[in-house]
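For clarity, chains are labelled A, B, C, D and E in written order, and residue numbers in each chain start from 1.
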Amino acid sequence: MRGPGFLEQLEQALPGAVAGSRLDALDPWIEVAPERLVDVCRWLREKSAVRFDAIECITAIDWFEPDPKKAAKVTWQPHTELVYHLWSTASRVSIVLKVNLPRWKGDVPGQLPEVGSVAGVWRGANWHEREVYDLSGVWFVGHPDLRRILCPEDWEGHPLRKDYEQPLEYHGIRGR
Amino acid sequence: MNHLAAVLPSVATPLFAGLLSSPVGVAHYLVVGAILFTAGVVCMALKRNALGVLMGIELVLNGANVNFVAFSSPYLRGEGAASLGLDGQVIALFVILLAAAEAAVALAITLNFYNNHATVDIDRAEDLKG
Amino acid sequence: MAPLIDDDPRIIEFDVRTDEMLVNMGPQHPSTHGVLRLVLRTDGEIVSEVEPHIGYLHRCAEKIGENLTARQWIPYTDRMDYLAAMNMNLGWSLAVEKLMQYQVSERARHLRVLIAEMGRIASHLVGMGAYGLDLGTFSPFLYAFREREKILDLFEEACGARLTYSYITVGGLTADLPHGWLRKCEEFLDQFEPIIQEYHALLTTNAIFVKRTAAIGVMSPELAIEYGCSGPVLRGSGVDQDMRRDGESIYTAMYEGYAFEVAVMKNGHYPRDHAYPPVPADAILGDCWHRFFVRMLEVVQSMDLVRQSIDRYAACKGPLGEPVKLTEKIPAGDAYLETECPKGQMGFYLVSDGSAIPWRVRARSSSFSNLAVTHELCRGCLIADVPAIVGSLDIVMGEIDR
Amino acid sequence: MMIAVLASSMSMLGSTLLPISGPMAAVNWHSVLFLLFAAVACACAVAVVLADNVVRMAFYLVLSLASTAGLFFLAGAEFVGAMQLMIYVGGTLVLLVFGVMLTAQAPFVAIKTSSSDRVLAGMVGAALLAVLLQAAFRVEPWRRPAVAAEAAPAATPIGMALLGVRVDEPAAGVPAAAVRSGYLLPFEIVSIHLLVVLVGAAYLARAKRRRTPRAIDVAASSVGPVVEARQAARSSASALVSGGGR
Amino acid sequence: MADFLINTVGLPEWLAWTVTAFVAAALILNVIAGGALVFIWAERKIAARIQDRLGPTRTGGRFGWLQSLADGIKLLAKEDLMPEGADGMLFRLAPYISFCASFCAFIALPFAFDFVGQRLNVGVFFVVAVLGLEVFGVILAGYASASKWSLFGAMREAAQVVSYEVPLGMCVVVPVMLAGSMDLVTIGEKQAGWFTGWYLFHDPFTFVIFWVYVTCAVASVNRAPFDLAEAESELVAGFHTEYSGLRWSFFFMAEYGSMFLVSALAAVLFMGGWNGPIPVATLLGLSEGTGDTANYFVRLIGCGNLVLKATLGVLLMMWVRWTLPRLRIDQVMTTCLKYCTPIAAAMFAGAMLWQLAFPGGIVRGLSRPAGEIREGWLEGPGGLPVGRGTLMRKSAAAGSSELLAEPLADAKSEAGIDSQNVVQVVP
């Protein structure tokens, strides 16, 4: 979505919520502060001029390079990036929200990063958040039913993290 | 007891003698009716499941029905025996119909009881105990 | 639960009470369209709650995508919606092309339309036949498969595969059509057209079929939008949205110059509905019948598009163009693209760090969102309605579980 | 006691059967079938008492009642027999099993009876049986084997009797006029009774419950609002250059 | 046959009767088992044709004749599974109960005049009653399987079959009323002659009620679109989900047996039974009583007639099954209680009134206003009924509507009266 005007409206309505934006990208995006995410989403759905009434997709990108040689060359700090693709059925426009989270909460490995759940804003986000939790390990605070969805309930680890290692065996089934 | 022991052989001999070759009479049917009736009574007394009691009642009614039909049967009438004629069959019919009605109501009561008490154990139905 | 008294407004029904029962429908069940498991909480025949459990077909396609080049991942998209693999190939190719800002030749563009719309017909035929199966009639299923076989024959002739084609690829298509293909395709369309009336007679207008589907599983447009439903499921609720018209320019440009009307009910009418059976009186917009009917209309719409694309493709004398190298580097950045697949809007999201292998690959499945709404639709329905509702969503587990 | 009765009857059966094992030519098929049906009926009736599982009880009861229907056929009461099959076995017992399933908490319902109850009931039952058997054998004419009679079919007379016209010959010694009234009144009473029972049972068995909101009740409102919202959004979104669409 | 064995072969009487009974039982069993084999093959072929494919083509020659036999052998060889937690005895017995019910009903079904296992005075009633027992095997199977899907199937079957017995009974009562007898042989005999004598064409009401009967019969034998108990898309396989091998096949033999039975019953009740549409035998001068061989020949033709009609009914059921979707359970009950029952009741009343107004049916009654009208009970001089007889009405041309009565030949001897004593009957 290109439109500095819209961004200004958002900043006016929710000061401090926007952490950054890039409107000249292929898919223009707005970076939102993690703690303001739910507010922003609620505003986008209910208050904004363009009602973003559908959530299409939630993606978690694990920015982490397990290979130390390559890791030396990368320009970014390791973090988890959440990407929300929203869609307005009414005006047929889309918007991309990005949220940057630490890879682990408080940088303690094993502690999942937390962000507010938008399942209360769009009911359709429920399964998407469950999938992100399941595969990428992000804890959505306030989600009504945050369980694994694609992997079995007793699966360990979050497969889409870059440092994920497949278990040697699962219930007697060889993994590697 | 003594009486029965004395009576049984005397009456049972003609009964069982040639059981396969001689035609059966009303008494044969009465024996079946008696067994069904007794089984029903015992069933009613014994079962704690309301539906079991219901089945006992069905058996009792059925035992009675056997007698009615036997008494009315044109095939079984021995010489000199009185026959109920058609009446016996019609009464049996009514018994069957009323048994169906009774079963429906009893079942409804059982279901109601089950809804309220979550059991069909009739020993638990003691709300009205004085 | 507080006891109810007779004049309590909460009591609406008086009925024989039965115990609640948890029933597993699936993962091995004839009408769950693959390995879907629905846990039903039932009171007698009435279903009070349905909880779908998915993941039985999870193959970590996204993780695999992080280890392959963009073109190498094409066969994995085949296996998502294996009933419309052509459309899956197209979606991923377009997403990559969007990030690469690559323009395919005009000839390839028309060929892509032709192939994608044929794929849509094939997918809807399966959807229709399987829906009949869900409602207990077997014959339409075979009628549908008979025609689908012919499409698969055509596909086989074009690319050598019958199910997992990998035909449309980044930068164009793997091969041009063989000689005489277009004529065979036209022959197929000519003989297929009257058969659609047969389907309408067997299903759409069949009294029992209408009774089983009309006013069942009614989904309001608000609900459909909130759950991110798409495709015929969304249009069946009366929402006028079709990515072929409303999508991003790289996708809509494909259909530029094509005449088609989105199959959605407007002012009580479907486009060109005089040629098709009337909407039954007891059908409510958003119910199973409408979802089914939208699919049937889209078959006709796709046939129309195929005819148009055949003409354009035949008229287009330019080169088809070569697909990009298998190890083509992708510029850094990210791109998200949704295409209109037969089951709904299939989104592909690609994050690249500048190498040939994407950093992150994401497939947004339409059936995933469409299935998520099941528990809303099935609340209070009968057991027999559950297959009817799930069938009307026309899901494919390969796409949901990825 | 019961065992004693059974043992004595068994021994008598054995002793009496032996002499007639030779002349099988005189087998009376009516008697053979009677024995068959009677044995099944009695054995299953006893099995009903002994079984603990309600569904098995119902199963034995079905066999018992069906065999009794066979006895009715043998006794020439074909209509009653068919009625027994249809109403009792096909209707009442199906209803019973239905009730069992509606009230089943565990997969197999079995409420055990205590063994002291069993002994007590067995004694009482045996006493009752003894009395009944005695009564059965007491009346001389009943014990006489039947005169083989070819009986007229009873279905039509029963039908006529239920409609108030007696067409069968009256029993011996009864004045013809006394039985002419038939069974119209009882028939009507039973009909009304059945109707009342039907209503009453339906009323009794109902349970109150909250209605689960059906999807159809929260059904689709029209498309109108969305379309309007779209128009509104279109105009207000003019500030934006949408990323998609045209 | 027993007479033949005793007199000609010289068997002792008890052996002769036993052999006769076993032969009769074997014949009926053959009708069911052999019929099931043929019908399953036919169903495959018909389904295949309806669905634009070939069906079995190789097993046993050109048309796959032996396909069902091969299937039967396969089923025999299959492992007989029983789920853990099932009630073993009931689980094992249930298929046989179903089959027995289906089998027993054939006892009273006449295949031709006197070609009947046991001619019962209440034949119709017996057949319908015994057919209703089949549900018990299904219920037990569903219950004993310890599977929720089976239980659902059983409950549906119980609700459905018990409900459909009501309209089915009403439909069956109409021919009984017209024939004045519940004896299937008598009902069949009454429709002898040309096809215009069939009760199907008796009057408009019987024509309608025939189709109600067809609906109810399809429902009561659990065939599509009423196959709720085994609805494979909802209940996996319903009551026989847990069955395999031979036990499973017994359910199917029972199903095909019942299908044939209700079709044959329809033929006897409405379509003239063993009487062909054109009385070929009569036209050829062959009729009952011409001689033993002729009798046998005529009956054989009649038997073929009935089997043909019943097969047509079975084929109709197959056609319906492969064409229509399945109804939902509430719709099935609605069909029964809101449509079939009232229609059947109204048609019953209509047929009754028609019989009063135009006795003898639409063709006979209108073309032959005088002559034989109907049978009834005759009143003797003392006002007491004296026996069965035929009520006559003098021809309208004679200008009199007086009712006369003539006792039937056998009734005369039975009641010990002759026609002179019989006077008028209530009009």
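The rule is simple: contacts are C-beta pairs under 8 Å (C-beta built on N, C-alpha and C of every residue); 3 or more make two chains touch, one makes a residue touch a chain.
A quick note: this is a predicted structure, and the numbers were derived from the prediction, not measured.
Visitor: Going by the average position of its CA atoms, which chain sits the greatest distance from subunit B?
Guide: A
Visitor: Let me spell it out: compute each chain's centre from its C-alpha atoms, then which one is farthest from subunit D's centre?
Guide: A
Visitor: I want to compare two interfaces, B-D and D-E. Which one has more contacting C-beta pairs?
Guide: Looking at contacts between chains, B-D has the larger number.
Visitor: Between subunit B and subunit D, what is the separation of their C-alpha centroids in Å?
Guide: 13
Visitor: Just curious, how far off is subunit E from subunit D if you go by their C-alpha centres, in Å?
Guide: So the centre of subunit D lies 23 Å away from the centre of subunit E.
Visitor: Roughly how far is subunit A from subunit C, centre to centre by C-alpha average, rounded to an integer in Å?
Guide: Distance between chain centres, rounded to whole Å: 26 Å.
Visitor: Mind checking the centre-to-centre distance between subunit A and subunit D? Centres are C-alpha means, answer in whole Å.
Guide: 65
Visitor: By the touch rule stated above, which residues of subunit D touch at least two different other chains?
Guide: 27, 79, 83, 91, 93, 95, 98, 102, 105, 152, 154, 166, 205, 207, 226, 243-245
Visitor: On subunit C, where are the residues touching two or more other chains?
Guide: Answer for subunit C, listing residues that touch two or more other chains: 16-17, 222, 225, 239, 246.
Visitor: At least two partner chains per residue is the criterion; list those residues in subunit E.
Guide: If we look for residues of subunit E contacting two or more partner chains, we find 155.
Visitor: Touching residues of subunit C toward subunit A in the complex: what are they?
Guide: My answer: residues 54-55, 58, 60, 62-63, 98-99, 101, 222, 225-229, 239, 241, 246, 333-336, 338, 345, 347, 349, 351, 359-360, 362, 364, 368-369, 372-373, 401-402.
Visitor: Enumerate the contact residues on subunit E facing subunit C in the complex.
Guide: Within the complex, subunit E contacts subunit C at residues 47, 50-53, 148-149, 152, 155-156, 224-225, 227-228, 231-236, 322-331.
Visitor: Flag every residue of subunit A that touches subunit C in the complex, lowest number first.
Guide: Where subunit A meets subunit C, its residues are 25-27, 53-57, 59, 61-62, 83, 85, 87, 89, 92, 94, 96, 122-124, 126-127, 131, 135, 148-152, 159-160.
Visitor: Within the complex, which stretch of subunit D touches subunit E?
Guide: Subunit D reaches subunit E through residues 24-25, 27, 29, 53, 55-56, 59, 62, 66, 78-79, 81-83, 85-86, 89-91, 93-95, 97-98, 101, 107-108, 152-156, 160, 165-167, 176, 180.
Visitor: Which residues of subunit C touch subunit E in the complex?
Guide: Touch list, subunit C to subunit E: 21, 23, 29-31, 44-45, 132-139, 142-143, 146, 202-203, 206, 208-209, 211-212, 382-387.
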